[in-house]
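Per-chain numbering from 1; labels A, B, C and D assigned in written order.
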Amino acid sequence: MTILSAFDIGLVVLILGIGASTIAAREAFTAVIGFVVYGLLLSIAWVRLSAVDVALTEAAIGGGMTGMLILGAVARLRLAKGTDTRASLPVRFAAGGLCALVAAGLAIAILSPPEAIPTLAPMVMENLAQSGLGNPVAGVLFVYRALDTLLEKVVLILALLGVWSLAPDSVWGGIPGLRVYAQPSSTLTFLAQLLPPVGIVVAIYMCWVGAKEPGGAFQGGTVLAAMWLLVMIAGLKNVPSISQPWLRLLLVVGPVIFLAIGLAGMVLANAFLDYPSGYAKPLIIAVEVALTLSIGVALGLLAAGPPERVQQQ
Amino acid sequence: MNLAFDIFTVSVVSAGAFFFLAGTVGLLRFPDSLTRLHALTKVDNLGLGLVVVGLLPQANGLFGALKLVSIWLLVQLSGAIVTQLIAGAVRQRGSDG
Amino acid sequence: MNAATLFGLCGAALVGFGLYGLVTNPEPLRKILAFNLLGSGVFLVFGVVSRRAAASGLGGDPVPQAMVITAIVVAFAATAMAIALVLRLLQETGRSTLNADNSGGTNTDRGNS
Amino acid sequence: MPDANVLPDATTTDGALLVLAIVLPAAGVLLSFVLGGRYAERIASVLLPSGFILATIIFGDVWQSGHRLVYIVGDWKPPLGIALRADGLSAAMMVAMAIVICAVAIFAHADFGMRAGSVEARAPFAFWILLMAIWGAMNMVFLGGDLFTLYVAIELLTFAAVPLVCLDGRAETLQAALRYLLFALLGSILYLVGTALLYGSYATLDIVLLSRRVHAEPATLVAATLTTIGLFAKTALFPLHLWLPPAHAGAPAAASAVLSAVVVKGSFFIIVRLWFDVMPGLLGPVGAQLFGALGAAAIVFGSVVALRQQRLKLLIAYSTVAQIGYLFLMFPLALDTASAQLQGSGALTGGMLQAISHATAKAAMFMAAGLIYVVLGHDRIAELGGIARAIPMTIFAFALGGVSLIGLPPSGGFLAKWLLLEAAVATGQWWWAIVMLAGGLFTSGYMFIVLSSAVAPSGEPLKLRVAVPRYQEAAALTLALTSLLLGLVALGPIDILQVGRADSMMVGPR
């Protein structure tokens, strides 16, 4: 036990140190590299908190995708002129005091848990068997709180629309400005040929296993997005223009099927987003498969950014 | 039997950890990008490799062991290629960036 | 102190760091980074809540875990949108700053506050 | 706490309407996204009016029965599942927002209409989808019975609102949008950490269950503080209002109308839910006075800065900052001194009425300002001379909106301020009455500046750049008239705001 607590303390010290360095670093580049490392350490923390589903999501999205996104932005921002002036010392002191106050408040809240800690875990487990799922987190996401999950997919699509809407009018319907490093027969091409088959298998596995073990649509979708981005960056596949009908269809297929099954529940089962008894598991897996596709495409396009070029005929 | 496995795991993982440490020191102390990359490959290949080998007896059946080995293989692949890319970029810039 | 509380305090500190970076750092990109730090601190608080409510053979209460997964995806979407805005701003003005006084253009549409 | 008015949680008859209110906009967004910009407006033009009809049906149901509508999503009761609930507040706000959104949709046809046979264009595609998303997100906010569902709803609202700010892609609006986004994200993450702590203490985020379990303890107090600060930032309550004026003034007119009238009410509504429904006993006299003080500061600051503006849209935006202040005056006035609980009394009715009448009036004013901009090519207040003769209907709409903001009878603003004043007198808190009266004076001041400039004869013959479509003027005027006649609800369904409140006196159908 002591070894583990020493490990935990070491982990926390590392997380805090690297976290602070991403704030304090002078160079944006240094800060981003720190952030990616931070994301990976954080996913270890999530494993230590027995939340493997979250650990996977954090590693894939929090560290990986976010890191890639910000790194790409840093590369482009090197072109930016001028620098902003840092806040003056008194302002920084005041802000520091305020932030310390918030952190202290949170610490007090964490250090004073209720005497009998309330939990929904038994209730989740009691009812999980009905749905045929084995992973309680998937149960919460797709059975008990399916409404939140459904709406969150709409959030993802709106975010993508928001990103796209930043394009100049002249290139609307064009191709996202993802940087392509197309050098024939480079090592990157080799990687982009070798990795995607493996990655797709991993994504399918994650999506499939999510019903009973950690994993699921988010994690699978992220792997899918990463593979797609790799293939596009290596220049093996063209970045599709955002007006492609198949692209739009893929983006909404997950939420649409989710919504349709939810509405069918009003007729075939007892309520909206209720599954007919006995069919819960196959329906949820159908939803998860469709969502994996939609999430993969949405995350990939979010990372690719707004359209910047018109499609050449 | 279990004890033997545990001793094996501890010693091999420790050896792996040593390479991690050595590689990290190299990353921090070596003078230019290429030598730093050299240090990093030690972490990938030997460090992670030894950790994986050490964990094999503890793995959850054959499937678990396969997963562990495939993690190592994937890291090998991506590590080798990313190292290539960085080295290429360094050479293009013509300095030790 | 158990592990859950330790990570909870870590989360509280990260919230403080992130908030400080968000308020004081003038560069939008660094603000976005700080927001992500702040977010991950908040998620850790969910983690503590989940972990200390372990019961029924589970390592933690799955409900907060599911909420964190939802929130991580939302935070990523927010980051993507913010970065797209920063890059578009760069394209339009050649700089990325929130400070209107030196944005170069004519600030006809701005208030005097 | 047994109470005749708290229904046992079960889906009520017509509860399915609540699902429809959320599914329709979501389906609209998804469908428009696939079919593309050419169909987005057509889909919106079908769905938005049906949304209005849906809202009136829900309103009628709630009013008739005197009970809230409840729907248990997925047949999983809270705390495991999520409930949708429509009480009087939700029903009234839903109808009001549906009216504003429909009027905005009519108004926006001129700017974002789809030309037949043309290819998909960026701004219309984005605008119609975002408008439907805002409608859906607002319904979520009004109906959501779970604090985490509300989190998803306000994120939905943020993601729909921010792109509206910078639809024209100018550098200033991009900057305003970025600043708005950062404020909004900070706000929602603070809200989120509050929900985490609340869940940690009570293992539920359901509003009704929480209200029965919640008690003053450190984690709850920290959670309440952080959540409230986060929502203040999203509502643009002084001093967290910095993002609002550039964002609302820079957006296209139709977007400004939605942002100012609708979007800020979303986070405000959650503040009301939190303090009136989840923890009515936690605010206490000091907290309530603090809320009131921030509101008063917002009124004074917003009005004074509005008086000094040179440009019409910025003036209206600062007026929004001031009017948001009024919404927070209801907290000290609704505090029952004996029990130290926030009560659903005349003050709450007044506050919500203020929200509704501000929504309709402000949307009308932003539309009018947009038309003035289109006609003149600028919106400098000093050079508005002669405009009243050119587009009298628009200026009339603007003036009527102003009447409601000032609070002259029979406007909704009058009734709202009357109810608040009454509460101030009844509870002996005369200082809030002074703030309200001063705010009214300031408002008359800036309305006078604009109108006197607008009716003044122009020095040279006014060169009108384009003719304004009549239906745009009609949309603005309709909203202004709605706001003006809102005071008449005193004769009718005003009691609905109290339906579903545990402490309300009203029981049974009438």
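General observations
Methods note: a residue touches a chain if its C-beta (ideal position, glycine included) is under 8 Å from a C-beta of that chain, and two chains touch if they have at least 3 such contacts.
Remember, predicted model here, so these are calculated numbers, not experimental data.
Shared contact partners of chain A and chain D, listed by label, are C. Closest chain to the protein centre (all Cα atoms averaged), using per-chain Cα means: C. The chain pair sharing the most C-beta contacts is A-C. Taking the mean Cα position of each chain as its centre, B sits at the greatest distance from chain D. Chain C has its Cα centroid 32 Å from the Cα centroid of chain B. Chain A and chain C have centres, each the mean of its CA atoms, that are 14 Å apart. Between the CA-based centres of chain A and chain B the separation comes to 27 Å, rounded to the whole angstrom. Inter-chain spacing, taken between the CA centroids of chain B and chain D, is 56 Å. Shown for chain A are the residues in touch with two or more other chains, namely 102, 106, 110, 113, 118-120, 124, 144-145, 148, 152, 155, 159, 162, 166.
Residues of chain B in contact with at least two other chains: none. Shared interface positions of chain C, i.e. residues touching 2 or more other chains, are given as 15, 19, 32, 45, 48, 52-53, 61, 63, 67, 70, 74-75, 77-78, 81, 85-86, 88, 97-98. Pairs of chains that satisfy the touch definition comprise A-B, A-C, A-D, C-D. Chain D makes touch with chain C in their complex at residues 148, 151-152, 155, 158-159, 162-163, 166, 169-175, 177-179, 181-182, 185-186, 189, 192-193, 195-197, 199-200, 203, 242, 245-246, 249-250, 305, 308-309, 311, 313-314, 317-318. Across the complex, chain C is touched by residues 4-5, 8-9, 12, 15-16, 19-20, 22-23, 28, 31-32, 35, 38-39, 42, 45-46, 48-51, 53-54, 57-58, 61-62, 65-66, 69-70, 73-74, 76-77, 79-87, 91-92, 95-96, 98-100, 102-104, 106-107, 110-111, 113, 117-122, 124-125, 136-137, 139-141, 144-145, 148-149, 152, 155-156, 159-160, 162-163, 166, 218, 295, 299, 302-303, 305-306 of chain A. Within the complex, the chain C residues that touch chain D are 15, 19, 22, 28, 31-32, 35, 38-39, 42, 45-46, 48-49, 52-53, 61, 63-64, 67, 70-71, 74-75, 77-78, 81-82, 85-86, 88-89, 92-93, 97-98, 100, 103-105, 107-113. Against chain A, in their complex, chain D makes its touches with residues 11, 16, 19, 22-23, 26-27, 29-30, 33-34, 36, 71-76, 79-82, 119-123, 125-126, 129-130, 133, 136, 140, 148-149, 152-153, 155-156, 159-160, 162-163, 166-167, 169, 174, 193, 197, 200-204, 217-219, 222-223, 225-226. Put simply, chain C touches chain A in their complex at residues 3-21, 23-27, 29-30, 32-34, 36-37, 40, 43-45, 47-48, 50-63, 65-70, 72-81, 83-88, 90, 94-99, 102.
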